[in-house]
Structures are given as structure tokens and as C-alpha cells.
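Order of writing sets the labels: A, B and C. Residues in every chain begin at 1.
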Amino acid sequence: MSTVTTGTGSPKRRLGDLVFANLTRAAGLTILIALAGVGIFLTVEGIPAFGAGPDDLKGHSNLLTYVAPLVFGTLLAAVIALLIAVPLALGVALSISHYAPRRIAAGVGYLVDLLAAVPSVVYGLWGIAVLGPKLVPVYKWLASHFDWIPFFAGPASNTGRTIFTASIVLALMVLPIVTAITREIFAQTPRLNEEAALALGATRWEMIRLAVLPYGRSGIVSAAMLGLGRALGETMAVAMVLSASGVVTWNLISATNPSTIAANIALTFADATGTARNALIASGLVLFLITFVVNFSARAIVSRYEPGSK
Amino acid sequence: MTDLAPAPTERAARSIKNPRLPQYAPLIALVVAVAASALLGLTLGWGVIPIGIVAAIFYLIGLTTWSRIIENARAATDRLVTSLVWVSLTIALIPLVSLLWKVIDEGKGALNGKFLTYSMRNVIGEPGGIYHAIMGTLLITLAAAVISVPIGLLAAVYLVEYGAHSQLARWIRFLVDVMTGIPSIVAGLFAYALFSLIVGPGTQFGIGGGVALSILMIPIVVRSSEEMLKLVPADLREASYALGVPKWKTILKVVIPTAMAGIITGVTLAIARVIGETAPLLIICGATDSVNLNLFHGQMASLPVFIYGSYTQPGSNPEILKQMAWGAALILILIVMALNILARVLGKLFSPKTGH
Amino acid sequence: MNRTLRRVAAPGIAALALGLAVSACGAGNESDGSGSSLKGTIAGAGSSAQDSAMKAWRAGYQTDNSGVTVNYNPSGSGAGVEQFVDGAIDFAASDSALDAEKGEIDAAKSRCGGENALEVPSYVSPIAVVYSLDGVDKLNLSASTIAKIFDGKITKWNDAAIAIDNPGVDLPGSTITPVHRSDESGTTKNFTDYLSKAADGAWKYPSDKVWPLKSGEAANGTSGVIAAIKSGSIGYADESQVGDLTVASIKVGDAYVAPSAEGAAKALEVSPTDDTRAEGDLAIKVDRTTTEAGAYPLFLASYVIACPTYDKAKADIVKGFLSYVVSTDGQAAAASNAGSAPLPAALQTKAASIINTIAAK
């Protein structure tokens, strides 16, 4: 910002500026303190859980064996969600930036934003009432034809409340953010590169492959990671959809599923007392650290490649 | 260009003027694919969804093969990708349509005057109302906004006007971005841990929800306000300085008012983003049947938690409460939509004035 | 600029004012009426199984005493007892009696100013073994068969162990999906207690409010279990909420008994009270292995826990409310709203006389 600093000013003016400048800086610092506070308070309230016994840890002997299966479930659900969401998001982003006529593109963009505006609890309702039952025949079919693949070992769930269903719902929920970022990056591709490719006789796909995708590669990676961060921490949809037993399994379509950290907190917090609550808070701290690292890396990639964003 | 299939030798000779499929080829392919799939599906007794999936596969294979025969491999790939892009868009939008349809279909039956003006106090075996949940949601979100807007706006002012290129500002900007990714349940746990230590173990009240939501809301407010403040032309500031107005007054009287509509848009979007949050409120606000308008004492109902509770734990009258859950979901979606539209309208009001 | 500001500010302020105006008045059904002269608020928390019954009791009591608000938070039995001991709430509801080993009795005693806490059964409800199986609308199961099914030892519906109890029934060879509670629950505690005591060693896990196994389908809450029972599934749930689902009869002695309020009441009647308890503590030692004809020993007995004395403002309200809970009217209200079994007359009289001792400090 090109601010002009006038050399002369009465002391009174300077005082006003001093106070206001410090006030704004204090606000900025408050944010940093709040972020640090999240870590600190979760740690303080989580520490008593290290002494927790099987009574408070659903039968697990220590905190590590309690949290580890939850971390597995969290990662599994989020990764599957990404595998579904990223290709879809690329398609949607390309359709908005390069395929659809402008008018339609704006409408589609709005619809995708709408997808982001739907509260997670409503996704949960939809997942349990619509998506789950619809997927039961699919799971039955997979279990009877592809049970040699560990993912589809079955027996198929009767209700469709599997980790695969939860991942599909998660995919829908992270789709808007991945789309929004990739679409912005695709739209920033230098026009000249695109036109040069087309002038050389490239088809539209070749132009995208040669000009758009290489330009947006780091953007796509960071968008996927931001999506991952979202998927890792999403709570209600998973809590409502999943039939969670907290096992460690690769079987995606059975009634016995891994749980996720967030869903486990939401489902058991109300009933938990004393050290059991501390254990849940400690697992929340683990989730916070995981998402923090993921988001931190994603943002670091974005800021590294963001050309002259200031 | 519209010649029909020439002989292969001829095609090789005229490589620069390849034959092309007619412009309406995708449409033909689509119609044929849907018809074939529907025919197959109806004879085998499939539902709508398998028919749709098979039609999409037919379409992808059919158009690509057709193009490969008539045009060439590159064109075929291009057509395949184009089709894939459109298919992915369709796949992405089907759930949205299905979700909105289901919510409206199931929810509309619950709506009536009583639904919006009654609470669930003393209500047994009959539909009650969600007044307590609506009031709770409004109050908690208002509290979150009251906390977030001053902090967020001032921090944005710092980032744009004072800190601009300082190391601190760079860190704040970066960590604010990281903060946008904090899981909502972690924000809830933070508020719970905070008030457990300050007020007493197990404290659940409305203001805690406000604090938790503001953790989620502040980053959004900072980023959108920052963008808006950056849009304010430097000329305006300089003109103000030239008149001898101190910087802080310039910011308060010139910069912020200029960006005001944009800031309000950003705040509205931030509110729309947090008003549907469930997980933090589940932990720190709890739930109640009765109206509680005191943010500082007692558990407070909110729409998302009401939806969650009524759908998953409806008790002995499941039909009634599940329908109420859908009705509340419809109201919640309407509120979020209204906020989004409001934000757009405010943005429109503002946009002609900047002109960059 | 200023005009823009005003343009957006005016409706904003109007909306805010409207919001405040609306928030100033209460809900349509929450009017300040009159009734008795009692005024005040008491709070309870605990058993989620009692939630439906509590709704009925609170509605009944609050209608008679419109100046009174009784809050109840179905946060779970453990949380209820803990909050009661902390003094955060005035009464607790728990699916299991206070546990001497965990120090709960002593903690409750010190919370009540050195006097033993009062504890009376308030809610008795049969737990049904629910299933869904096409073409089979009547199923008999013994405790050990149920244990083996939930333990994953019996995986097919046409297993010999099931067939023995169901002569003449055409059992399909499909897979059994056992459904259990994913949350902590008194229902799970009573169900596992029943299995561990009545299943002749086929169930080797202790009774616990957390489901001890990691297999089968997990569902949140009673409603979640009910919703998860699809063709081929079997689960356990509070009988009042099973709706249209088919329920299995369990083997008691040589007969098979379907879950019913009367059966549970009968089983409760033959169960002795725990005589090691202090006066005012009506804990019951449930006899899961009874062979009494018509008794249904798979049931949940839930208690309300309170202090013998309160300060003036609250004593009458706690006493009045809990008296209503154990009264014939209260038990009938719970029976019609929550499908619970009314307390047997003898027990009810005892409970009422204990509640009657509540006094102001």
C-alpha cells in the first residue's frame, strides 16, 4: 500500500495514531493468541488422559492404543473422500473455467457454492436417510462379486452406514473448497499460453494438458490438501452416517467400521465423564495437530506459488 | 469439414483438414446412450440410478469410439475429456438436487405457525416448535459476530494499513489462513476446555458457543475485510492525508466507510458459514427443551443441535420428531440461503462504486 | 459513501431491532400461568433411558405448578451422578444404583451434607431383543443362544442352536448382523448383565455400559438401533421404542416369555432389595435367572437419586416433583408416554415414603 507518511504532525495526532495502531496490532495478536490458546487449552485439559485406564478409554489400556485406531479411521475416510472429490472437482473446475459458456459457468459456480452452504448436519440427514439405503444394493453386489478385494470383503452392511458412504458424503462436502481453489487457479492461466497452444493446432484437451494443468499443478496439490484438512475434521456427517465400532479394517462396506476422531468425540462426549472427557480432548488435540500440519503445508505451497498476491 | 467418413487413405492425405463430427454429435450420442440404457434397464428391471450410470458409460464409450473412427485419436481424446468434464459436473450436482429435494419434501409437512412459535417444553407425543432453537441459534451467532467482527476488522486494518509488509503481518496472514482449516469440533473442545478451567468443570452455556464459533468466524472476517480494504483506492487515503487528517481518522472516516458494504458482505457470508455449525455447540452449549435467552447461564438449544438430537434420538415418537428435524433442517437451509443472497445483494450494491 | 453506509445500516439496524423485539417474548407455549404457589427451578441430569419418562413427569408437574421449571439433561447416568456429587444439579437419574466400590455412596453422602443420599427406583422398562427376518414373525431364543449370536459364534439364522428353540419354524440360511449401541448406555449394561448371568457362561464379558465387542453394526442411541434393524439383523432396545419390529421371546425356566411391562414388573417383584444399603436407599439386586412364570428378567431398572435435605427454596419442589414421579399418576404418565412398567405397588409405597422424608434444612 502506498501510504504517504507526512513528517509533521501534532503530538495529539500522533497519540491517536499510536493508540489506534496498537489497537489493530493487538487485534492481530489476539488471533495468534487464540490459535496458540487452542493448542494450549487442549493440551492442559488433555494431559490428565495420559493417566487414564481402560475404564475411561473404552477398554483400551492406554491413550495411544485408544487414539491410534481413530487416527486410522480419520485418515482412511478422508483419503477415500479425496480420491472421489479431487477428480470430480477438477472436472467441475474445468467446466467452469474452460468449458461452459460464461453465463452457465456463473450459474454452476453459484450451485457449487450452494453445496458449501449446506450445513453439515443436513448432509448427515441426507446421508443416513437417502444415500445409505441407496447404496445397500451396490454394497451387496460388490460383496458378492468382488469379495476377493480386501476393500469389498463384506459381509455387506444392511443399512449402508459404512465408511465408504461416509467418505462419499465427505467428498461432497470438500468438493466446493477444492473446486473453488482449482477453478481460481485455472482461470489465472496466462491467456497467451493457452492461445499459443491452440494456435499450434492443439485440441482443447491438449491445450489444458500443456498449458493449464502444469500452470496449476501446485494449486491443485494445495487445494487437495486443504480439502484433506476439511475432510479430516468434519464431524457431524460422519457421526450421523457411520456405524462406528472403532476397529482397524480395510473393509469399506461392512457394518463394522473404523471410527474417526471427530465423530468419536461428537458421539461419546455427552456420556463421557471425568478422565474419559480428558481422553476425548486429548484425541481432539491429535486431530488439531494433524489438520494444522496439513493446512500449514497446503498454505505454505499456495503462498510460495501465489504470484504477487499482495 | 462436414464430409462424412472418407476412406482412411484419403484421411491421411488430408491430415490438416480432418473430417469432423457434426456439431450436434454429442447430443445424438447422448440420446442414443440414454435410449439404449433405458431399453436395457427396463428389460432387466433396473432402477433410475443404474440406468443413468450405464447411460453415462455408453455415452462416454460411444462418442469416443465414433470420434475415433470418423475423426482421429487426438480428437477422440478431446471428446472423451470434454464428456468426462460434463459427466463430473452432473455427478457433482445430483446429490445437491437430491438433498434439497429431500429436505423440502420431508420438511414442508412440519411447517406451521406453531412450529415457529412454540418450544418443546411440556410437549409430549405431538409436534411442538423450534422457537427455542431458532432463538438460541440467533443469539449464539450474534455473540460470535460481536466477538469476531471487531477483532477481525481491526486485524484486517492492521494487515492492510499498519503492518503491511512487516514480518508479524506476514505471519498473521499466514496463520489466519491456516486457522480457516481448524475443525469445528476442535473449536468446540477449545471453548469447553477454556470454560472448564475458568468457570468450572463441565460448564455448558451459550456464550461458550459464541466463543467457539468466533474461532471459526474470525479468519473469514479477516480475509474478506482485508480484501475489501485493499480495494480502497490509495488516492482516497492520500487526499485525506493532504487535508491534514491523521491516519487513524482517515482509516475510520474514509477507508472503512468506503469498504463498508464489502465488509458487511464478508461478515454476512461468515455468519452464513458458522450458523449451521453443529459439533461445537453440541459440546459447549448442550441442549434444552425450553427457551433460554440468557447467553451466560444454562444450556441453550440451537437449530443444528436440535436437528441432530431430534433425528438421532427421537425417543418414543420417532415419526413426529424426525419430521420436525427435517422441518428444522429446511428452516436452517432457508436461513443460510437468505444470508447468502443478502451477501450477494450487498455486494452488488457496493460493486459499481469501486471500479478498481 | 455515507449514503451507501446508511443504506445498508438502516435495514441492518431494523433487522437487529426486530430480532431483539422478537427475542423479548417467549415461546407460544411458555406463558406465565398460575397454579400452585410454588416458584423456582430445579435441575436434574442422568439416564437417557429415563428421558421420555422425564418429559412426561416434567410436563405433568410443570402443568400443575406453572411457576416451577424442572430441567432435565439426559447426559447419561455416569454424568448425572458425577454432576449430582459435584452439587451442580439437584437430583440425578441413573440406570445403576450408586456404587460403593467406586466411592459413589460416600461422595453422595458428603454432597448431601453428611446424610445418606436417597435412592429409589423410578423407571422400569423391559429390554426387547428385536430382529427382522423375512417370513419369521415369531422367534424363541435362550440366553446362551443370544449370547452366542452377539458374540459372533452363531452367524447363520438356521444354526442348530436357534432351530432347537424354534421347532417348525422355517429358518433361512442368511447371515445374522448383530446390532449394538455405539454409545454408553444403561440398556447395554443391563443387556450384558443379563447375558453374563443367565447365559450359562456363553458370555464371558462383564456387564458394562460400553459394548465389549468390536463386531457387528454399531448404532447411536435406541433410535439408531431401531433404524439399523434391517432384514437379517438382530439387536436389543428399550421395549417402548421397538415400534413395528418383531421381538424375540426369551427362555425363562422352560417357557418363552415375550417382553412386556407386566413381565418386567413381575421379575422386579421377585428381585430382592439390597439390604446392605442404608435406609432410604432402595437399590435392587435384579434376579436375572429367575424361573418365575411370566417374569421377564431382561429389563432395566433406573433410579432417581436425591438428598434428604435441601435449602428452603428447593426442598418443596424436589419433594413435590419426585413424589409425582413415584406416584400412581406419575407412573401411569410414564407408562403411556415412555412405555415403561409401572412400579409394583409394594415398591411404590416404599419409594413414596422415602421421598416423603425430604425436608428443608
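Here is the rule we use: contacts are C-beta pairs under 8 Å (C-beta built on N, C-alpha and C of every residue); 3 or more make two chains touch, one makes a residue touch a chain.
Every value quoted in this text rests on a predicted model; they were computed, and no experiment measured them.
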{"item": "Topology of the chain contact graph, where touching chains are joined (line, ring, star, complete, other)", "value": "complete"}
{"item": "Contact-richer chain pair (by C-beta pairs counted) among A-B and A-C", "value": "A-B"}
{"item": "Rounded Å distance between chain B and chain C, as computed from the means of their C-alpha atoms", "value": "39"}
{"item": "Distance between chain centroids, defined by C-alpha means - chain A, chain B (Å)", "value": "13"}
{"item": "Inter-chain centre distance, chain A versus chain C - centres from mean C-alpha coordinates, in Å", "value": "38"}
{"item": "Sites on chain A at which at least two other chains make contact", "value": "128, 239, 270"}
{"item": "Multi-partner residues of chain C (each touching 2 or more other chains)", "value": "48, 79, 220"}
{"item": "Where chain B touches two or more other chains at once, by residue number", "value": "312"}
{"item": "In the complex with chain C, residue positions of chain A that touch it", "value": "58-59, 128, 136, 155, 157-159, 161, 239, 243-247, 255-257, 267-268, 270-274"}
{"item": "Contacting residues of chain C [partner chain A, same complex]", "value": "48, 75-76, 78-79, 82, 175, 177, 179, 182-185, 210, 212, 214-220, 227-228, 230-233"}
{"item": "Contact footprint of chain A on chain B as seen in their complex", "value": "49, 74-75, 77-78, 80-82, 84-89, 91-93, 95-96, 98-99, 102-103, 106, 150-155, 157-164, 168-169, 171-172, 174-187, 189-190, 192-194, 196-197, 215, 218-219, 222, 230, 234, 237-238, 241, 246-249, 251-252, 272-273, 275-279, 282-283, 304, 307-308, 311-312, 325-326, 329, 332-333, 336-337, 340"}
{"item": "Residues of chain A that touch chain B when the two form their complex", "value": "1-4, 6, 9, 13, 16-17, 19-21, 23-32, 34-35, 37-38, 41-42, 44-45, 87-92, 94-95, 99, 108, 111-115, 117-126, 128-131, 134, 172, 175, 179, 203-206, 208, 226, 229-230, 232-236, 239-240, 262, 265-266, 269-270, 280-281, 284, 287-288, 291-292, 294-296, 298-300, 302-303"}
{"item": "List of chain B residues in touch with chain C within their complex", "value": "114, 117-119, 121-125, 128-129, 131-132, 135, 138-139, 142, 201-202, 257-258, 260-261, 264, 286-291, 293, 298-299, 312-316, 318, 346, 349-350, 353"}
